[in-house]
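Please find the structures below.
Shared between the two complexes below is chain A, which has chain B as its partner in the first and chain C in the second.
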Partner chain A sequence: MINIDIGATAVAVLTLFGIYALMAISLNLEYGVAGVPNFGKALFVSIGAYTAGVTYTRLLPLLAGLESIHPCGPSMGAALQLRSEIMATQPAAGFINLALTFALAAAIAGAVGFAVSYVTLRLKEEWFLALVLLVGGETVRILVRGADDLICSNNGISGVAQPFYFLRDPGASSFLFMLLALALALAAYLYSERLVRSPFGRMLKGLRENEDVTRGLGKGISLARAQIMAVGSLIAAIGGVLFALNTGFVNTNDFVVNLTLDVWVMVVLGGIGNNRGALLGALLIAIMDRLAQIGAIILNMGGSEIEFNYVRFIAFGLILLWMLRYRPGGLLPESRLTTEAHEVVKRVIGAAK
Partner chain B sequence: MPPALLTTSLVNTIQIGSLYALMALGITLTFSVMKLPNFAHAEYVTAGAYAALIVSLSGVLNPLVIMIAAFAVGALTALISHLAVFKPLEGRDVSFYTLILSSFAIGLIIRYILFTMADYFNLFDLRIAIPLQILFREGYLILSNLFAWVVPTSIVLVIILTLLLNRSPLGREMRALADNIILARVIGIRVERVKNYTWLLVGGLAGVAGALWGLQTAVHPLMGWGAIISVFAAAILGGLSSFSGTVMGAYVVAFSENTVMLFLNVNYGLDLAFKPAIPFIIIIAVLLLRPQGFTNLIKRAGDLGR
Partner chain C sequence: MTPLLQLHNIRKDYGGLRAVDDVSLAAPENAIIGLIGPNGSGKSTLIDLIAGAAEQTAGRVIFAGEDISDLSADAIFKKGIARGYQEPSLYFKMTVLDNVLLPVKDQRGERPWYAPWRRYWAHEEAGHAEAAVTVLEQVQLLQHYDTLASDLSGGQMKLLEIARCLMGKPKLLLLDEPTAGVAPKLAYEIFQQIARLRDDYGITFLIVEHRLEILFDFADYVYVMHLGNLLAEGTVAEIANDATVREVYFGD
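Here is the complex of A and B:
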């Protein structure tokens, strides 16, 4: 039998949950609340990861007061050693670098999301946006992979160390990283809860239900859509930075359509339009991911021929189909929004009866 | 550009364009009859390719038998995905995105079932066991027996499909469905039956395309998925509604992926790694600048001819 370290597994699952929660909340804001079908989630997540890949190789040595080494090609090993050393010995440089990475990733992704939403105005049919985003994500992936020097094309960048690497204690370091991921996810959750309950959030739901009526009520829908795309994209990019730090690698191969589908599975499973649903979906998928990994190890040790990773994708497909067909609202369906005015009206009616 | 490269790339354009046409016609047909952008279409191609591979590995080397097997498996896969996934969602007023997601989901399931199967029986990257022969060699132009199979078969199938759609009762019923499903039902067309036939046709064509593809490259569970964007680009160039536009689109996409890419590579040193970006750029450009694709052009040409 294999020994499963329950503590380490829990930390890994919760870290993954924090990262997935950021992605799921961002998709929920865009699609669940505002009705913008973002089939390019992988693009915005990847912006975060690529930013981390660039800052950890170019900016980090500068912050540590050292000469940066070209991360690709023959100097690859030296560059990797340099950033590992900095991360191990100069925590301040590491933290400043991380903060700048978050800021940069959020700014780039937010700007891209804002700009992309204006593309809708030019599209003949609404669902073309889904296609443009899907295809745009893949295009960017191919271009980044093709641009040799950015993140070393097919090799990717390794040694994107977690910020608490300097502790030299893998357990404590990953525990603190988990807290960071959970804190960011919590912040995103609280922010999006506030947003959904605000007048702006109600307008977005109106936009989702009927664009013409919302426009008829005098709301600027293009700007609203651009704003929510910007917010969603920057949350996704922060998730992308954590995604890169969590695995320690930045590789274009991680940001294919399957990642986008994973996020959709989370939102559809948890409940479209409900932030709590997005959290639940992210948690369930994080647990399933880890279970699938453990299952794969057990199966391989048992000498089984079946590759468990394939079973994971089949299971995801089945979950998606099942939910769409039998529980289109998800496990935690969207609840009714009531405003204070609504409460007052209800009280008045109640008193009159 | 050296003439040798030019001729080779043009031969590739015709060969690959014909395959794209077979697949893209299926996408256009599903979209116009079923109002569904079917991303699972790629997996019917892969399923057909694997059917062809398995038949050829079992010792049957008659290409006709191989094609028929591929057609049958592709058609069956398509029909099953319709009956199990898309049909139950019909009439439930589901959003368009639910349909897109469902097509992704069923595609994912089929693809990874094929992965599991290929893994279990060691069927990765094998070629359909028809030996390669050089039929024709004239200067730089080399045509193999694969070319002789792929191109005529695709062209004949495209012609048969066009005749079927324009001349046969079934084709008329399909077009009626595409036009207005409620009216089609009112005048007594058995809508469900027509839909089933459409799915069989769409899947079968995709399956044959997979078999033909497997003749020239290796069969892999990702082969269909890898081509789906090029195929969608072709269908979008056809405005997702015109069949002649789709065929034209298929050759345009193949031409830009092969000849244009090679031209840019030789003359401007553009890395061939950027080749997969071409169909993406075509899709985005068409959707943004000319969402009707070739359709109006063709209509205008027809009007001029009259």
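Here is the complex of A and C:
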């Protein structure tokens, strides 16, 4: 039998939940609320991770008052040692670097999301955007992998330590990192809840339901779509930064189309258009991921030759089909009201009686 | 006095098909203008062209003295032209109240940077809700404010569509068969509403309608289209007694 540390497993699952929650909330805003089929989630998540790869190798040494070492090629080892040392001994530099990474990743991803959707969504078919992003995400991934200097092509950047690494206590630093991920997920959730219950959310839902009518009612729909893509993309990029920090590693192989599909499963499973559904979907997938890992270890130790990753793919496919067939609204269907206007009207009617 | 809406030599080609051919018409303020003609005569296309949902091949659309020929549908709505559709085109998964609140112009809470912070728009939203009460009351839908639009009857849907337009404070309302699929008695009531809105708010209506027996009771002026052309125009009495109109329209 293998020993499972319940506490450490819970921390790992909840950290993963926080990261997935950011991705699921961002897709829920775009597709669930506004009906924009973003099949390039991996692209926007990867922008966050690549940004972390660049800041940890270029910006961090400068913040620590040291000369930066080229992270790739012969000096790779020395550069890794330098950033590990800074993260272990200079927490202030680590935190400032992280804050700047978040800001930079959000700004880049937000701008890319806005620009891509503004250009492609002016076309009649919104599924054109889905294709552009699907292909674009893969293209960017291959370009980044091919660029020798950015994140060292196939080698990636390792030693992307999370900000509490300086504590030299894996349990405590993992716990604090989990809190950071959960706090950011909570912030994104609260923000999205407010957005959905605002006139902006109402317009997005209208856009989702009938584009032509919404344009006919005076709404600039290309702009609204670009705006929600910018918001969703910056949230996804923040998830991407945390994703890199969680694995300690930035590698283009993590951002293949599968990641996008995972996020879609979360949203469809949880409830399209419902932020709480997105959270639920993220939690279920995080638990499933961990169970799959444990299952794989148990199977391998038992001498089985089943590749557990494929079992995971099959399971996700089945979940998607089953949900779309029997519960197309997801486990938690969308709420139908937007603003407090309904209470205002209720009061007015009540007063008139 | 210049008319509120003027169409000058409007033409629309779909490939080789000429749907609208050299149509000119004018609608004065504060009037109900009927637009009639057999199926396929180009009436709905004309509505689409005025509203900006389609682009004319040639010709000019002048509204309140301004050339709006090349404006997009959202810009035309903001100028003061709202439209209803032949098929009910509501937000069926939204409540009646959300349906009428959406078209309100220049909502602060529609900007993403204000949207999450209720204090920037809650007051304004409450004002819009009160305006919605007045409008919904006029079309007798107030008690249904919390109902999903998909749960309304056919006639109520038509009324909600008009109410939704009114929230944009239009000067001109384009309606494409506002009584389609509605029981005769309710159809008459819908036109009574329309007449009241013309009188109370000075709104001009351009109405495509097949139920001539009702339209002729309310219209101030009627245009007749046939095969993309304007066949005749005049008061109800003139149109009803026009021999050519009777021939193409009633087949006698």
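Here is the rule we use: the second predicted complex is superposed on the first by the 334 of 353 C-alpha atoms of A that agree within 3 Å, B and C clash if a C-alpha of one lies under 4 Å from a C-alpha of the other, contacts with A are read in each partner's own complex, and residues count from 1 in each chain.
We adopt the following convention: contacts are C-beta pairs under 8 Å (C-beta built on N, C-alpha and C of every residue); 3 or more make two chains touch, one makes a residue touch a chain.
Predicted model, so just to flag it, every value in this text is computed and none were measured.
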Quick one: classify A:Ile86 as touching chain B (first), chain C (second), both or neither.
neither
Touching A:Ala161 in the superposition: chain B (first), chain C (second), both, neither?
neither
Which superposed partner A:Phe313 touches (first chain B, second chain C, both, neither)
first
Touch test for A:Arg325: chain B only (first), chain C only (second), both, or neither?
first
If we overlay the two complexes on their shared chain A, which of chain B and chain C does A:Gly218 touch? Say first, second, both or neither.
second
Would you check which partner chain A:Val267 touches, where first means chain B only, second means chain C only, and both and neither mean what they say?
neither
Using the touch definition from the top, say if A:Val135 reaches chain B (first), chain C (second), both or neither.
first
Which holds for A:Met229: it touches chain B only (first), chain C only (second), both, or neither?
neither
Chain B/chain C common contact set on chain A:
none
Per the touch rule, the chain A residues reaching chain C in their complex are 191, 194-195, 198-203, 205-206, 209-210, 212-221, 224, 227-228, 231, 336-342, 344-346, 348-349
So in the complex, which bits of chain B are touching chain A?
37, 85, 88-89, 94, 96-98, 100-102, 104-109, 111-113, 115-116, 119-120, 229, 232, 236, 271, 273-274, 276-277, 280-281, 283-284, 287-288, 291-292
Which residues, counting only chain C, touch chain A once they are in their complex?
51-53, 72-74, 77-78, 82-83, 85, 89-95, 97-98, 101-103, 105, 107-112, 114-118, 121-122, 125-126, 128-130, 132-133, 142-143, 145-146, 148, 164, 168
In the complex formed with chain B, which residues of chain A make contact?
31, 37, 39, 119, 122-128, 130-132, 135-136, 138-139, 142-143, 145-146, 153, 257-258, 261, 264, 268, 305-307, 310-311, 313-314, 316-318, 320-321, 324-325, 328
